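Listed next: structures, encoded as C-alpha cells.
You will see subunit A twice below: alongside subunit B first, and alongside subunit C after that.
Take a look at the complex of A and B:
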C-alpha cells in the first residue's frame, strides 16, 4: 500500500545536499505498509515520525529515495491529487482543522471542492458521520463539540474523500480520557470493518499496543519494527529510546524482576488480570 | 493558600450567547501542595485556573490568595500576576526572543530589576528547570520539544511566583520528555517548600505520579476532591464522568473484585508490583 525506498529527507537542502549545519531528519528508510494493516509509529520528539507520515500523502517529498502510495510515485506532480485522495490525514489539534459552521458542512467540504455530485456528497456525508458515530451531531456547530467528537468529525471529513489509507498524527494528544477512547475505538472500527489501512502516530503506549504492528523511529531511522507484543517485551530498549511501555507490561516486567514467574509479553489490563488470577489461583492451591 | 468562595463564571454574560462555565466553586488549596486538576474537556478546569491570576474576573464569588482578596475592586492585578505564574498549554509556542536567555529574562526585565538581579533569576530558573547553561545563548527554536517547554516554564519561574499553575504540562511530549517535566515539578516542590503547584492534566498516570491532592471538575462544578488515593479508589465514578484511573489501579480493582486482597491505594507500577509480589511470595528486596 505504501512503500518507501531509501527515503531520506532534509528540511533545508539543495539538490539533496544539506544546508550548512542541517542534518537529515530521515535517513534511508525502507518500509512497507500492507493494505488493511494498522500500524503505530512511535518515537521520541524529533525522531522523524511526523516527517515520515507527511511523506505518505505527498505533503513532503523525499530529498533522496522514493515513496510509492498504491504504486504511485509521490515525486511525480501528476500523482499528487490521486495520492491525497487515497491517503487522508488527521492532525493533532482538531480546532485547527475545522473550517465550516456545521458538522455536516465540514464533512462535505472536500468532496464539494472536488466537484462531486450533490447527491453523492449527501450519501458520503451520511455514511462518514455514521462511520464515526456522529450522525446525531450533523446539524451541530463544531465549536459545541467535545475534543473527542471534534476529532471524530475530522476523521469523517478525511473519510469523505473515500480514502483507502488514514494517517493520524497524534490525534488524541489533546483529548481527555473519554475522547481518547472514542477516537481509538473509531480507528479500530474503520480498520477492521471498513478495511481502512491505518497509520497512527502516537506517544501513548496503550494505544500503540492496540495496533497490529509498531514501527519505532529513532534519530531518523527505524530502530524497531514488529508486533506490539515483541516490541514491548524489550522494556529496556524501549526506555533507552525515550519511550515507555504500557503500565501493565511494566508491572509484569517488575514482578518478574522480583522473582515471580509471569508472562513477559502482557499488553493490556485483561491479559494481566488473567495471568495474575492464574498465579494467585496457583498460590492458593499450594 | 488559595481559597475560592462560591465562585461563578459565565462567558459572554448578559448576551444571548451567555454560557455558564463555573458554578459555586468552593476550594481550598494549601501551601506546599501539588494539586492536580482533572476533568473532561469543557469541565471548567482552564476557566478556573485563569481566575487564579486575575485573567478572568468571576461573575460572582471570591478568590483569596495568601489572604489577598484578588476579586476586590481595588485589587492590585500586577502584584497578583507576579505572585501567580501561569504556564499555558504548549507554552513553547510563546517563545519569541533571539536567545533562550532573553526569553527567560523578559519577565524580570519588565519588573524593572537590575542587570545582576535579572542574571541571577535567569540562571536560577535555568537550573531549576534542568536547562544546561550552554543553551542560554542559543535560539529557543533550536531546542528540542522538551527543552523548549522547559525554557518556557523557566520564563514563568523567573518571576519568582508563589503559586505555579501549569495547564497540561506534558501534553504532546514523548514519554521521556513528559517524565522529565514531572521530575522538574517534583524538584520545584522539594526546593520551594511553600510553593503551591497546580497542574491540569488528562493523564491519570501523571496525576498518580506526582500529585498529593486531586480536584475533580465536572460540568463546571467541583465533583469531588481529596488525596490521590481517595480519588482513584473509585474507578467507576471517574469513568462515569469521562475520566479514568491508571491501568494498574484498574487492574488492582479487578483483582480485589475477584477476591484477591489488595490495598485500595495502588496507583503506581511500583506500589502494584510490591503489593502483588508480597502476596505471591516474591522477593521484594530484589
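Take a look at the complex of A and C:
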C-alpha cells in the first residue's frame, strides 16, 4: 500500500545538501505498509513521526529516496491529487483542521474539491457521517461539539474522499479519556469492517497496543518494528528510546522481575486480570 | 463582551429567510440599507419598522438574540446621538451654561440624533439578520457569485470568498483564545481593566503577540489540512448544496420589489 525506499528528508536543503546546522529529520527509511493493516507509529517528541506521515500523502516530498503510495511515486506532480485522495489524513488539533461552520459542509469539502457530482457528494456525506456515528450532528456547528466528536467529524471528512488509507497524526492527543475511546473505536471499526488501511501516530501505549504492528521511530530512523507483543516484551529497550510500555505490561514486567511467574507479554487490562486470577486463584474473586 | 459578537454566528433553522438564495439575500440587504438612508419622513420610517419587524418574525430566530447582536454597538449609538444633539444648530429648545460654555439643544439636533441612532440600529439589525440566517459557506458562495463578473478583470473571486469563509470560521476560535490568554495573563498579574486608554492599550500588547503567533500556527495547520483534502485554488470545484435560483426566490424577489415600491411611495408621493 505504502512503500518507502531509502527515504531521507531535510527541512532546509539545497539540492539534497543540508543547510548549515541542519540535520536530516528522516534518515534512509525503508518501510512497507500492507493493505488492510493497522500500524501504530511510536517515538519520542521530534523523532520525525509527523514528518514521515506527511510523506505518505505528498504534503512533503523526499529529499532523497522514494515514497510509493499504491504504486504511485509521490515525487511525480501528476500523482499528487490521486495520492491525496487515496491517503486521507487526520491531524491532532480538531479546531485547526475544520474549514466549514457546519458539520455536513465540513465533510463535503473534500469531495467538492475533487469535483464530485452534487448528488454523489450528498450520498458520501451521509454515508461517512453514519460510519463515524455522527449522523445526528450533520446540521450542527463543529464548535458546539466535544473534542471526540470533532475528531470523528475530521475522520468522516477524510473518508469522504473515498480513501483506502487513513493516516492519523496523534488524533487523540487533545482529547479526554472518553473522546479517546470514541476515536479509537471508530478507527478500529473502519479498519476491521471497511478494510481501511490505518496508520496511527500516537503517544499512548494502550492505543498502540491495539494495532497489528508497531513501528518505533528514534531520531529519524526506525528503531523497532514488530507485533505489539514483541515490541512491548522488550521493556528495557522501549524505555531507552524515551517511551513507556502500557501500565499492565509494566506491572507484569515488574512482577516477573520479582520472581513471580506471570506472562511478560500482557497488553491489556483483560489479559492482566485473567493472568492475576490464574496466579492468585480464588483470592481475586473476593 | 467578545462572546456577544453575533457576526459570523449562524443559527440553523427552517425559515423562509434561511431558504432564500444567498446572493438574493445579499442584494436584499444592500437594498434594505440603501432604503434606510434614503427615507427621512415619519411615515416611511413607520413602514420600514413594520417591514423589519415582519422580517425578524419570519426569520425563525428569537428576537432577543437578534437584538443582542446590537448590544456591543450601544456605546456607538449613544455617542452619535449625544454628539448630534449638541452639535446641530437650529431652533433652540433649551439653553444653559456650564463652566461659561453656553450649550444649546436644538430641535434639529434632537431629530438628527434620533434619526441617526435609528438608522445605525437598523443597519446592525439588517446585517445581523443576513449572517444569522446564512451559513458562512453559503454567504461566501453568494459573495463569490456577486464578485464573479469581476473575474474577467482578474479579480480572484473564489480566493476572496474562501478567505472570508475561513476568517468567519475562525472568529469564535480566536475570540475564545483571546479570552484564555487574557485570563492566563490576569492570573499572573496583568491588568486589563484599570487605567487610562493608553495604559490599557499597552496592557493589550503582550496579549497580541501570543494571539498572532497562535493564529499563524493555526493558519499553517489549516493549510496542510486543506491540502490533504485535495484543495487547490485553481481546481474545478463542485458544490454539494447548489444554490439555484428557485421559484421560491422569484416569489421573494417580487414581494420584496413590491414592498420597496410601497416604501418609496410613502417617501415621495404622500
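Here, the second predicted complex is superposed on the first by the 281 of 286 C-alpha atoms of A that agree within 3 Å, B and C clash if a C-alpha of one lies under 4 Å from a C-alpha of the other, contacts with A are read in each partner's own complex, and residues count from 1 in each chain.
Note that a contact is a pair of C-beta atoms (placed from the backbone, for glycine too) under 8 Å apart; a residue touches a chain by one contact, two chains touch by 3 or more.
Predicted, not measured: the structure shown is a model, and the values here were computed from it.
S.K.: Now for A:115: first (subunit B), second (subunit C), both, or neither, which partner does it touch?
M.R.: Touch status of A:115: second partner only.
S.K.: Using the touch definition from the top, say if A:230 reaches subunit B (first), subunit C (second), both or neither.
M.R.: A:230 contacts neither subunit B nor subunit C.
S.K.: Looking at the overlay, does A:46 come into contact with subunit B only (first), subunit C only (second), both, or neither?
M.R.: In the superposition, A:46 contacts subunit B only.
S.K.: Applying the document's definition of touch, where does A:174 land relative to subunit B and subunit C: first, second, both, or neither?
M.R.: In the superposed model, A:174 contacts subunit B only, not subunit C.
S.K.: Please indicate which partner A:23 is in contact with in the superposed arrangement: first for subunit B, second for subunit C, both, or neither.
M.R.: A:23 sits against neither subunit B nor subunit C.
S.K.: Determine, under the contact definition given at the top, whether A:34 touches first (subunit B), second (subunit C), both, or neither.
M.R.: Neither partner.
S.K.: In the overlay, answer first, second, both or neither for which of subunit B and subunit C A:141 touches.
M.R.: The answer is second: A:141 touches subunit C but not subunit B.
S.K.: Mind pulling up the subunit A residues that touch subunit C in the complex?
M.R.: 54, 57, 59, 81, 84-85, 88-89, 91, 93, 95-102, 104-105, 108-118, 121-122, 125, 139-141, 143, 157-158, 161
S.K.: Okay, in this complex, where on subunit C does subunit A touch?
M.R.: The contact residues of subunit C facing subunit A are 8, 10, 12, 135-137, 165-166, 168-169, 172-173, 217-218, 221-222, 224-232, 235-242.
S.K.: Quick one: which bits of subunit A touch subunit B in the complex? Just the residue numbers, please.
M.R.: Subunit A residues touching subunit B: 43-47, 92, 146-148, 170, 173-180, 203, 205-206, 239, 242-244, 246-248, 250-251, 254-255, 257-260, 269, 272-273, 276-277, 279-280, 283.
S.K.: Looking at the complex, which residues from subunit B come into contact with subunit A?
M.R.: Per the stated touch rule, the residues are 39-42, 144-146, 168, 171-178, 202, 204-205, 242-244, 246-248, 250-251, 254-255, 258, 260, 269-270, 272-273, 276-277, 279-284, 286.
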